[in-house]
Structure formats: C-alpha cells, structure tokens
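Here the structure comes first, spelled out in structure tokens, and everything after it is commentary.
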C-alpha cells in the first residue's frame, strides 16, 4: 500500500494535484511502460476511487497497445477504449461540452489515428469536437469545400505527415489558432515525421503552434485549452 | 505603378486581403530581402495609404537591421521602431487592448530580443501585454515568485535558449496555454537553438505549442489569437 | 598556352564537347573558384574564340560576386551581366526561343535571385520564359489568380524557401511537370534551405523533380530540357 | 454510403477530379494505411464503377504488401498485380503508348523493385517504356555499352542506392532529362538512402530532378509527364 | 585453454588488471555479443576462479537479455540477477558500503530500468544507495518534497527521457554533483533519447556530467567514484 | 534602481541565492548578451557591494570578448582578467585552496582556452589546480610520462577536440573521475566539436561525465564539486 | 539463357571484366538482394564455370544470412562458408599468400564479425593474414603487448565500434598504413556506428583511411591492395 | 627554456619521437592555433636545430593563413611556402623520391588547394608525385583520356567536392588503392563537404580509404605510406 495517495516508493508518484493546478488531470503514457507498470498504475487509481476520492476526473491512458489496454480494463472495467486512437478514458463519460468548437482536420486517411487521439482528448477535456478527414493539399478543392466549417472552429488541429504542408494552408485561410500535429506517416526523407515537423515550424503563415510527432494527446489538450473561453457553437 | 493594389509584376504581390481573412494584416519579414526590396514594399504601402485605402491596419516590419529600418522609416516616417526587437510598426499607435492578458516570460537576458518582438506583436494585434525577464530554471525561486502573475494570463509566451526547459516547467504550473519560443541563444550543442526547439517539442507537460527558433513575431501572433476570447484583466 | 584546347595541365580541362553531347555548353560555377581561376577560364574562352572556334555556344558564369564578375567582363567584355541573378552570359544574345513555355514562379520576393537565375538559364538554353513572383501559400488567392497562366507552361519551376510547400500546391493544380527549387531563404529550423528541400522531396503530389538548394542554374537547365519538345506558345 | 462520390465523412475524400486536372488519376499509397482502410478505398472505387462512372482511369495502388494487395484484389478482382514492384493497377490494361520513350535504368539488382515501380507507373500513364538493369559505375563498360539505347529516350529514370552516383554519370552523357530515384539500398552511412539522395541533389551535372527515396511511383509519373510531348519511337 | 589468464587468441583478452588500476573490475557489455561469446567469457571467469585467482572482484554483466543471462548463470550459478535492470553480478554479494550516499532519481516510471542499473552498479562498487522514482518536472511539487533527501547525497544520478530537463532543475537546487543519464524513453523527436542527451549537455545550471543514453552502468560507476571520498551517511 | 536586490523589472533577475543553495555563486555568460546588458549586470554587482552585501563571493564573467571585458572592468575595476580564457573574476583573489587536486589536461595547444577556463573556474571555486598541455594520443608516450601526476588528482578534466579520444584513454588509466570537455577545435566532420562530444559520450571506459562543447566553466565547476571531499595534496 | 556472358536482360549484368581490370573479381553483396536474386547469380557463375570459363577467380558472397548462404551453396556446393563472417567464397581454396602481412585488429569481441570478414577477404585476395582480438583502449596494456606484432604488418585493419578511437592509437604507434573499419557495435549516440565513423575520419594521427560502417569486405580488399608490393613475411 | 626538448610546461609538448616511430615527422596544424602559438612552435624547432638536433626531418606547417605563415617564416626563414596549398615545409628541400608514384587527381579547379596540399605532403614524405586536374565525371572523356597515366600510379589520391563521386569511378578502373579526399567545395546540401564524404564512404567500388574533409595532409601522408614499397617509376 502506498505511503501517501498515488506514491509507491521507488516506483511511481502520481500527480494527483494536476486537476486543481491545471484544469485537466494527469494522463498515463503507456507505450514506454511495461505491462506490469501500467497495471499497477490503473490499480492505484482503482484503489483511490474505492477509497472515496472524487477528484480524479477523466484519466486518459494513451498510446496503449492491446496488451496494455487489457491491463487497464482489468483494473478499471468501466473505462472506454478507442482502439484506433489507442486511447482509454476512465470514467467513460466525457464532461458536458463547453467552450468553443475544436475541429481536427487531417491530410490523409493514414493520419487518422493521431487525429482521432486529438479529437477524443479535446472531448474528454470538455470541448465540442468534429473530425474532417483526407483534405490534403494535393487536391485543394477538398480543403476549399470545407472552409466554411473550418471557420466555425475556435481552434483547428491539423494533422499531416509527408510534407506536412496542410497546417500552413489552413492557417492562411482562417482567423482561429492552428495546432499543427505532425504524424510519422511517410517514407524516405519523410519517414518518422521529422520533415513534417520541420515544415510546420517553418510555416510562412503565422498563427501555428506545433506539438511533437504523433502527439495527438498534446494537440487535443492544447486545443481544449485554447478553445476554453470561446463561445460554444449553436 | 502597380497593375493592381499591392502587385508589382515579377517582383511582389502583397496579401492585402489578410486583415479581412485572418483578423491581422500581413507582416514583412525584412532580413531575407534586399534593402531595395524593403524600400519598395514600404513605398507601396505609403502609396496605398495616400490613395485612400483605410484597411491596411498596423503593418509590422520584422527582423529589420538598421539599414532596412532606415529604408522603412524613409517611406513611412510615422512608423514606430523598437531597435532591440528589430521591429517597426506602422502606424505607430497600437489598437486599444481587448481580450485576455498575454505575458511573455524569458529565461535569460539574452532572450530579450525575441521576447520583446513577441510582446510587441501581441500588443499591435490588440492584446494587453506584460514582460517578465530572467526566470530561468537554474534558480527556481525566481519563477516561483512570479507564479501568481503568470496565472493571470490568458496565454503565456515562454522564450528560452540553451536547454529550452522553461516552457515545460511553466506549463506544468498554470492552466493557460503556453506558446514555446526557442531562441538561438547558446553554444556548443545548443548553438542555433535546435536543442531548445527539440526540448520544447518533447515537453513532458501538455499544453504547449512550439514556434520556429527566434520567431517572436509568430509567437506573439499566436498568443494574441489564443487570448482573443478571454476576459480582459482589470 | 594549353597543350590542347581547353586544357591547362595541373589546373583545368574544359568540357568543350558538352554542347555536342548534351545540347547545352558547359557553365562555370564561380563561387568556389578564386578570382584568378575565374579570370583564367574566361581568358581561355576568349583565346579559343579568337582562334576561330565557333561551337562555344552561350557560356554561363554562375554565382559570380562582383569581383568575379569583373574578372569575366575583363576577358569577355561583350558578356551580359545580371547582378541580381549573379549570372553572366557570353555571348550576350540568347538563342531565338523554341519549344514550350517555361514559367518560373516564386513564393516570396526573397526567392527572386534564385528564380531569376533559373529564368535566365532557361532563356539562354533557348526557351520562351516568364517570371511570376510572390505567390506564397499563406494567401492562396494570389496563386489561384495565376492558375490560368501557369497552365500554359510546358514546365514550371517553383522556387521557395521557409516551409517549401509551394511546389506541392502548384503541382496539384496543373498537368505540366514541376521543377522544385528550394532556396536558402529562412531562419531557425528553415535556415540554409534544408527544410524546404526535405519538404519538396516529400511532396504528396506527384510530378515534381527537386534540385539542390539555390541551384537556379540546374533548375533552369532541367526546365529547358523538359520543355524542349512541347509546342511553342503563341 | 458516401454523401458524395468518393467521400466518407470522417474517413476519406478521394480526389476524383485529378484526372481532369492533372491528366493522371489519383494513386493510393497503401503502406501507411490499415488493411481495412485499403479495402474500403478499393470498395469505393468498385462502387463508383458499378454506379457507372467512367472517368476513373487506371488507378494505381502502390507500396502494397501481400495483405493489402489481397484486400485490393478482393474488391477489384480484375486489377493487375506486380509483386516485385508492390503495385496493383485497375483496370489491368495500360493505355496505348504515346509520347517519347521512358527508359528506367538501375545501378544494381537490389534497385529493381523501385525501378520496376517507376517503369509500370510510366506505362500506366501511357508511355512506351524499357528497363535496363545493373549498370552501376563500379564497372563503367556496362553503362557505356548501353549509351546508344539511353540516347533514344525522351526521359531516363535512374535508380541507385549506396553512393547514388549513377544519375550524374548518365546525365553527363545524354541530352534528355534525368529523373534521379534514390533507393534505400545500402548499409552503414548509406542505409535508408539518404546518402544517395544527397548525392543526387549535389550532382555536378545539370539536367537532373530528384524524387523521394524509393518513390518509384513519383519517378515514373514525372517521367511520363516529361516524355509526353516527345516523338514516339519507331 | 587460454595462453595467458583471460586471453583466448583471436577471440578475447579480458582486462584483469582493471581492479588494480582503476579500483573497479571490468564489466561485460552483453547485448552486442553473441550468446556463445557471453558464455565463453563467463566460463573463463569461472575457470580463473577455480584456478584460485582472488582478485576478480564483483564482475558485472550488463544489458543482458534472458538468453544471455541464462548463459551467464549456467557458468556462474552463484551470480545475482536483476531482470528489470538486465544486470548480473558475480559474486552476488556487494561490498560493505563506504563513502557518500548515491541517490538515483528518475523522471518517470519508464526510466526505471536505466535508473536501477545505475543504482546497482554504484552499490556493487561499494556505495550506499537509494532510488527515488517519478519526480518529473511536469509536477514540481513531487521534486520539491524530495529536496531534503536529495541534499543528503554526495552525488545524484538523474535519469530522464523525453525533454531531459530534470537534471538541470535538480542541479540548480543542490550542492552535490549531478550525473545526468539520458534514457531512450520517448517518441517523435524525443525517440532514442538524443533530445534528452542534447538538453542535458546544454543545461543552464553547472555541475552536471552527462553519460551516454541508457548507460546506467556508466552513470553508477561515475557516481561511485565521485562519492568515494565523501563522509558515509548516518 | 532595482525593486529588490538583483532584479531590474523586464530585464534581469540575478540568482543571489545561489551561493547559499549551491556553494558557488552565479556566473555571467557574456557572449550572448549585449555590451549594455553586461555593463548593467556588472553595475548591479557594484551597487550591491557598495550597499554592503558581503555574500557575493567570487563572481565569474565567462566567454567575454575584449569589448565585454572592458564593460566589466569599467564597473568592477578590481576584477582579474585572463584574456586567453576570456574570463574575469571579481574579486580577483581566489579562495584558499581546499579539497583534492584538480588537474586539467588537454590534447593540443589549440584546446588551451577551454582548458584554462576550466582550471581558473576550479581555482575560484576553491580547489588546488594544475594544467598539463599537449598530450594527445597520436603520441602516447607523452601521456604515459604524465601518468604519475594524473594519478595524484581527485578529478581530471580532459579537454580535446578533433576525435575527442583522449578522455577515454586517460580514464582507463586512473581511478579518479574524469570530466570530458569537448572543444570546437577541428575541421571537416570534426568542426564545431560535435564529433568530439559524441566520442566522449560513447567512451568505452566508464568513469567519464561529459559537458557541453567549449564549456570550460561547467567542466571546472563540476570538477571542483567532485574534488571537494578528497584529501588536499601535500 | 543470357544473351551474353553474365548478362540477363532487365535483371543483372555481372562485371566479369573486373579481375583483369582491377586484379580482384567482383563480389556479390547479398543482403539487399532477394533470395531468388542471389540464387540466380550463383547459378550464372555455375553456368559460366560449366561452360569452361576459367577467369572467374575466387568470387565472394558477402553479408549472406543463412537463407541466402543456402541459396549460394545449392548452386555452388564447393564454396566455403564462414558463418560468423557471413561470407562464402567460391572456389573454397584461397590463392597462395604473397605480398606483405595484413593484420586485422579489433577493439572488442563484438567487432569480430566485421573483423573476420576483413581478414577472409584479404586472404582470398592473396595476402598472408592474422587476427588480433579485444585490444580496446580502455586497457592500453593489451594493445601495448601486441605492438611488436602489429609492427610486422604491411597494413593493419583496425575494427572498432562505440567511440571508434582504437585506429588513432594504433596508427600513432606504427609506420604502416591503417585501414579504419567502424562497426555498428554500440548503443545510444554510438548506435549504428556513425560516431565511430566520425571519430575515425577526425583522427588526429595521419595514416588512416576509413571505409563504410561494417564494411569488412571493403577494408580487407583495400588492405590487400596496400600490402601487395610489400615483402612477404618470414 | 623548455625543461626537456620540445616541451614547454602548460603549453606544448612536441612529438619529436614521431620520425623514429612512424617514419615521418610531426606536422603542425596551424589554423586552430593562435599566431603566438604558431610562432612559439616554430621558434622551438629553430632552437632545437641550433642546438644541433639532426632528426627533425621535414616539418610541415599546414592550413596556415598569411599571418601564421609569416610567423613561421620569421622563425624558420629557410622554409618553403606554397600559398595555394597553405603549406610550409622546413627545411625546404624534399627528400630524394623513392617508392611508387603518387598521383593526385581532382574533380574541379576548386579542389586544387586540397589536392596540392596532398601532393606536396607525399613529396615531402619522399614519393615521386604528379597532379591531374579537372577530370570530374560530368564529362567522362576527360577521365578516360587520363586512364593510362592513372594506371601507372602505386596510389591515387582523388579529391572531389559536390557529389564526391569521382573516387568510385576512378577506383573501378584501376588496380591501385585510392585515397578519397572529400573537399568542402559545394553549396546547398553539398556545403561543407559532408555529402562528398558520405558518398565516398558509400562507394560501391572497393579499394577506397576516406580521409576527413579538406584533409589534404592526411591524404598525402597515407598515400606516401601506401606507395612506399612499390617500384619507383622510370
């Protein structure tokens, strides 16, 4: 048993204060942890919940493969699980939406996992969200037909791999901030997503903030913060 | 004389529509242009103004050394000029502040030029702004004594060179979004600012959007967009 | 005196056969040569001309600063000199235009030196040419208003620095091949042009061939070859 | 059922306009997509075809491993499949050849998959094609014995890994444009193909356009565009 | 049989003199060796021990996966084995602790394998040790609550992946030297640990020495040397 | 006048607490600061001293060119100045030496500026020091003749550029910890010092902690901390 | 059947002239070829041999895993096969040794595969050879005890991974040329062998020529050429 | 006065034993040393010579700009000075040539400084030498016309910048070893010479040893060692 809530000496020390301090609870990045470690963390949340703590908010388990997801669900069976986004949320019900609309747009179907992780994160942090897929700049008419929608958003997350040029084009057409989410989709000099990240940092349109490659969680978190004060649509 | 407003065939084509489309007018990046090119652009703005166009908003001339600044001032003598930030604004008067507070914090005195460029940009885009200097993480008490202030902001721009670790620490303590501005301050493996940029993209705290190295203009622009809907302080 | 035409033992060996073999004469890259070396090469061309050789075609001296340009002009006073493009051509008169139209488009005014070098090279290799400036993707309407023109070209050279995204957008809208010319315009992670080159190689639209950073000569040469068989406009 | 042809909301938005706009239909890059995504795309093409659309041209599915190829063939059983090139074409019959000859040459037998992808792409875009294998520069006589053939081409694609030097040598001997196709063949500092790509961009012979590493599709597409206006051989 | 102790011609030559020369015996890095090679080395140590050599001190076998660990244990059954740290020690009993306290602190639970390797190494080199886990800077209060402990150490090893910022923050708060241990924990631009290593080299607080990524052995070895002369706690 | 000691709002905030917290006062890195900024910092120290503060310890001004050194000396005329090390110390008198001997060894005469900066820093932090020059590994006998001396040290700083191999060789011969100081001495792939830094991080001998390239101050600071508890020689 | 010896159209074109031109026959790099391609090449050599060609010399098949080795042995059953070096030679009998001694030295047991490939290559090219293992610079006495042997060689190949410093130390002690062979042995910043390659290129001792990482074949080939004219030992 | 020949404590320690040990005396790399340091080294050689030492052989001062060359000549007025190669030799007279012929070939006139440094070094180490200039592979006939000469050499140094492909082509045509000397000639992705170095390491022809970029001294030294045993031409 932990000596204090969330701390197991020599192993882990959960940041249970984060909700109060930052307005959003800690997330658990699963892929660099062993299955045993993920299971122990989920068990500690279950223990805290059973002990009556009510400030644990929606905890997200990100980048969870099937094995790690199973470990979470074993301890927290009421969690939701989106396989494509590799994301679990506990408890499963997102908060009622408030603040401005977050739109997540992606260049190709291959960018969907990161885009979906971003959308779900923003939703679990309390924003209304929408996903627009496959509007890469090789065929501009697809983007142009979605511009009226994109202009409704308080923040747009744009996910792209390969040349990573979509965020610049989107940012140049709207007044809301853009969160640029490079993905590891690509091959050759684009493999791993570094070229996309460099392109986004070098964007010749202002109004773009870049997150790490494939960091859909970070993109959705930032977008939710940005859209917090904007008027709720509809 | 241009064939249409802002276009000189084979030379330039100003984006005069940007204010309407994006809520902020075009800025002129001076350091990659020849003095003659900067002078011609400033002259075109002067011509448009003389011809009665009233939608030219505050135009910013960024990264201007003394020679290019002189070229701007020759054509637009009523522009303001901040030498440290290498920035000129025309007309000189910023809009009345609206929206949330933008704070620009920097790790060391060497980061001041980029930080000041960010602050002025946000101010010319209409936000109330404040600058907090020299709160690098080698001595945490300096940051901690400023936390109450930082928590008043609707958006915090954090400029840092060397290890670029300050944005992570700040983001971990507040609920507002952080715009991370890597600077080229540093030497050895930190020279040019690439290490700072990588650190910021890799931040283990969420809520951070990164801009290009030394891109104070882009950081201030993004912060102004982010803070737009937040309540005005005081 | 050379032992054979164009060869000075232990110093240089001109490729006088290139016109016959490749359809375009050798060019002299000046910036990595000493002023004395440039002068000696120009003198050898003058000597060959005085000796009656008539197959020397238009020789281009590229990337020539003022000092090297003066050395060329001292030996070949009838050469033309474009200071912005840092290019000299001898003799000064380009061939009568034949083949398809080569358009050189550039993203910003800062890209003009490389763009102009490309245009002049294509013209001295015998193609009709046109230059379209400042149509960067931060304001797409500028590009869109030029699409009818761009669709007349048999080959379009697209020069861009910073994020280097323009060639993808152009290639996605036309049926002619695009030669992508990254420029060293930019700062931070875009400095030196490597990001632009990576973006262009990673372009998600097909139909793009990339040349070295700032290699306006190579871009214009390739475009002239590509447009060779296409119908001459007008 | 899609709300409009080729669009499935939140998932994909096919560029069905590309044939009209660019003269060649969209291709589907398979390796970054899940098997389910590839199957859904193939199914949408089958649906459109069954619904009577006749402008779908030869659609290429590139970089398809066995599993993804099976998914395509399940939906489009009349497609052709080249296992070595990892390419499927639907319908299977290429257009009647027109325009100039496209030759694809490669340095070693290891470069054959990329080379074959390039050749098939050019053929499905309507050009006569030929493949010349294993003429690397470690034994120049092999290249020299093929020069008469290479000089018949309107465009030569040159695929090479390791040092990537073959395109320079070929371009120096012919008057047609060269499309340089770096391959990921190599080890040590050559692994992944980046060295080959850098060498090709740095080629000291002009007349070379470089595509991404292993991008046989892009190389063949560009070559087909380049050879379009040239006289058809024989 | 070896021609001299520890040497098998054409295969290996153990540094049996290291204990005398450096105060700590040789360690065997297992992961770049074949299972057969590891087995042969362990067998040679067993042979030397059986032959009566008494100066072999605690030999460490590092970075040993299960297969290599089994090979060691087959030859040296009395060795200890820590699976998480991938470390075996022979003989199993560490020396009686002397010198100052070595604390190993890590940013996240994912850094535990490297941290544990560092701690065990320092312990087998004779120092008292302690492990503090999961005090990353995204939630500073966790670090701050451990400062009194950290200030007891004669040397602190700080392991961190991702942004690698923890060593700077720790070093800024204590007077003992810090050994910075970057880990390969991370993804995107942080994958492989290079960003963490660069951050640590660029630290704006002095008093930090950096070791290779995931080099827990080297970090523990250096810390044990540093703490050698300090007073033993308690 | 500052609102509190060491703080000038919007400009600087000196870490006057560092001596108490870390045992060594703040140093001022001059080369990224303007001359005016350096002058203002020196003036603030002078003001604090005049106001009677006695805990300012020996302040070091590092990486100071002649212009910045003059600015320091104008405000603090009693400072010492070592031109080769680009270092100023105020007050000029180092503390009486205590703790173990710090030896700074360098591979070539070109490494002397960084080596001398390291030596002076350790001396101003209170250690006895010695400098051994020009013992690069191309001629091992030079190193070997100095081994008895090197074995007297409680810590050895080893400065090297080019291949950066000297620290490994030294560490392999002694029992004290080695601080590896890569220098920017070198050309070609060694230019800037990155190769030396990589070599040092990859050292196959344990017992080495690496600092940033040319960071003589950091190396000397760390060495002084390491040698603190060791017996004073003689 | 090939149209000419060694050429299969569209697939391969063996360099059968190499023995005459270079004094050593072609080698077949297996790892980038499919098993079918390796089998076809071996079959072509078998066919040429059966057809009576006698100038095929010892052909080496390098970097062959078990599957590719089996394909070679199926067609050329009389070939020799060294599993550790991943090398096959056909015919199995090396030429009688002539020229100077080639010594291959390696830093650690992990470098043995590359070292053994180098040794066998030199032997099959006709030189007397010897292998010295495990003399890394962390314990210099091992190298020093082998210096008399090393000084007998006409050329020394030195294989090393990690910091790659051994070739410099060896070259500084002998008068024969050194071929530096970086290996991919290492982890962290040393992984893949790039650091070792950089160190070797930056060596501060002259007399070193570097080959690609893990290129034991190239190292042995070069050493055999270098030692060709030297007196045969003994 | 030095305490022992060649050693000035805390400053330098000449490797006077090198001639005996390696067959060639130490060289002094001037560009990383201050003018004062170069002067002191030259003075020490003058002092040793005046004191009667006769084993100082031809000392080379490399990479010396005009200022450093003047410092050498002031102390050693009888030295020779080649301005283009930035090399001084003392005494001025090279040894009588012995061993095989060293040919230095370069791709372009811009590579002449490095090529000439290599040639002079080989000559001062006692080999007969010849220089062949400007035979880059963009026009192969130039190389082919020089093949008979190149085949006379016992070792060929090949200097090239840009794509660095010449050494591969040369090595593929001759039986002697090739020393590949990358030069920093180039721009864009070729600037600084890294691309040339990578190409040379990746050469698909065996028989090539690579030295550092612009390291003409190292190339000439290695070539002289290689050619030592070969028959002297003529």
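In order of appearance the chains are A, B, C, D, E, F, G and H, and numbering begins at 1 in each one.
Keep this in mind: a contact is a pair of C-beta atoms (placed from the backbone, for glycine too) under 8 Å apart; a residue touches a chain by one contact, two chains touch by 3 or more.
In this text, all values refer to a predicted model and were calculated from it rather than measured experimentally.
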{"item": "Chain whose average C-alpha position is farthest from subunit B's own", "value": "G"}
{"item": "Reference subunit D; chain at largest CA-centroid distance", "value": "F"}
{"item": "Repeat of the B-C interface, chosen from F-H, D-H or G-H (over half of contact pairs identical by residue number)", "value": "F-H"}
{"item": "Interface with more contacting C-beta pairs, comparing F-H to C-D", "value": "C-D"}
{"item": "Approximate Å spacing (C-alpha centroids) for the pair subunit D, subunit G", "value": "36"}
{"item": "Centroid distance [mean C-alpha coordinates] between subunit G and subunit C, Å", "value": "44"}
{"item": "Junction residues of subunit E - those touching two or more other chains", "value": "21, 108, 138-139, 172-173, 186, 188-190, 197, 201-203, 212-213"}
{"item": "Chain-chain contacts as defined at top", "value": "A-B, A-C, A-D, A-E, B-C, B-E, B-F, C-D, C-H, D-G, D-H, E-F, E-G, F-G, F-H, G-H"}
{"item": "Subunit B to subunit E touching residues, read off their complex", "value": "107-108, 136-140, 162-165, 168-169, 171-173, 186, 188-190, 195-196, 198-205"}
{"item": "Contact footprint of subunit A on subunit B as seen in their complex", "value": "21-24, 27, 100, 154, 172-177, 179-180, 197, 201-203, 206-213, 217-218, 221-222, 225-226, 229-231"}
{"item": "Contact footprint of subunit H on subunit F as seen in their complex", "value": "108-110, 112, 131-135, 138-139, 141-142, 161, 185-191"}
{"item": "For the subunit B and subunit C complex, residues of the former touching the latter", "value": "7, 9-15, 17-18, 21, 26, 29, 31-33, 37, 41, 63, 182, 184, 192-194, 197, 212-215"}
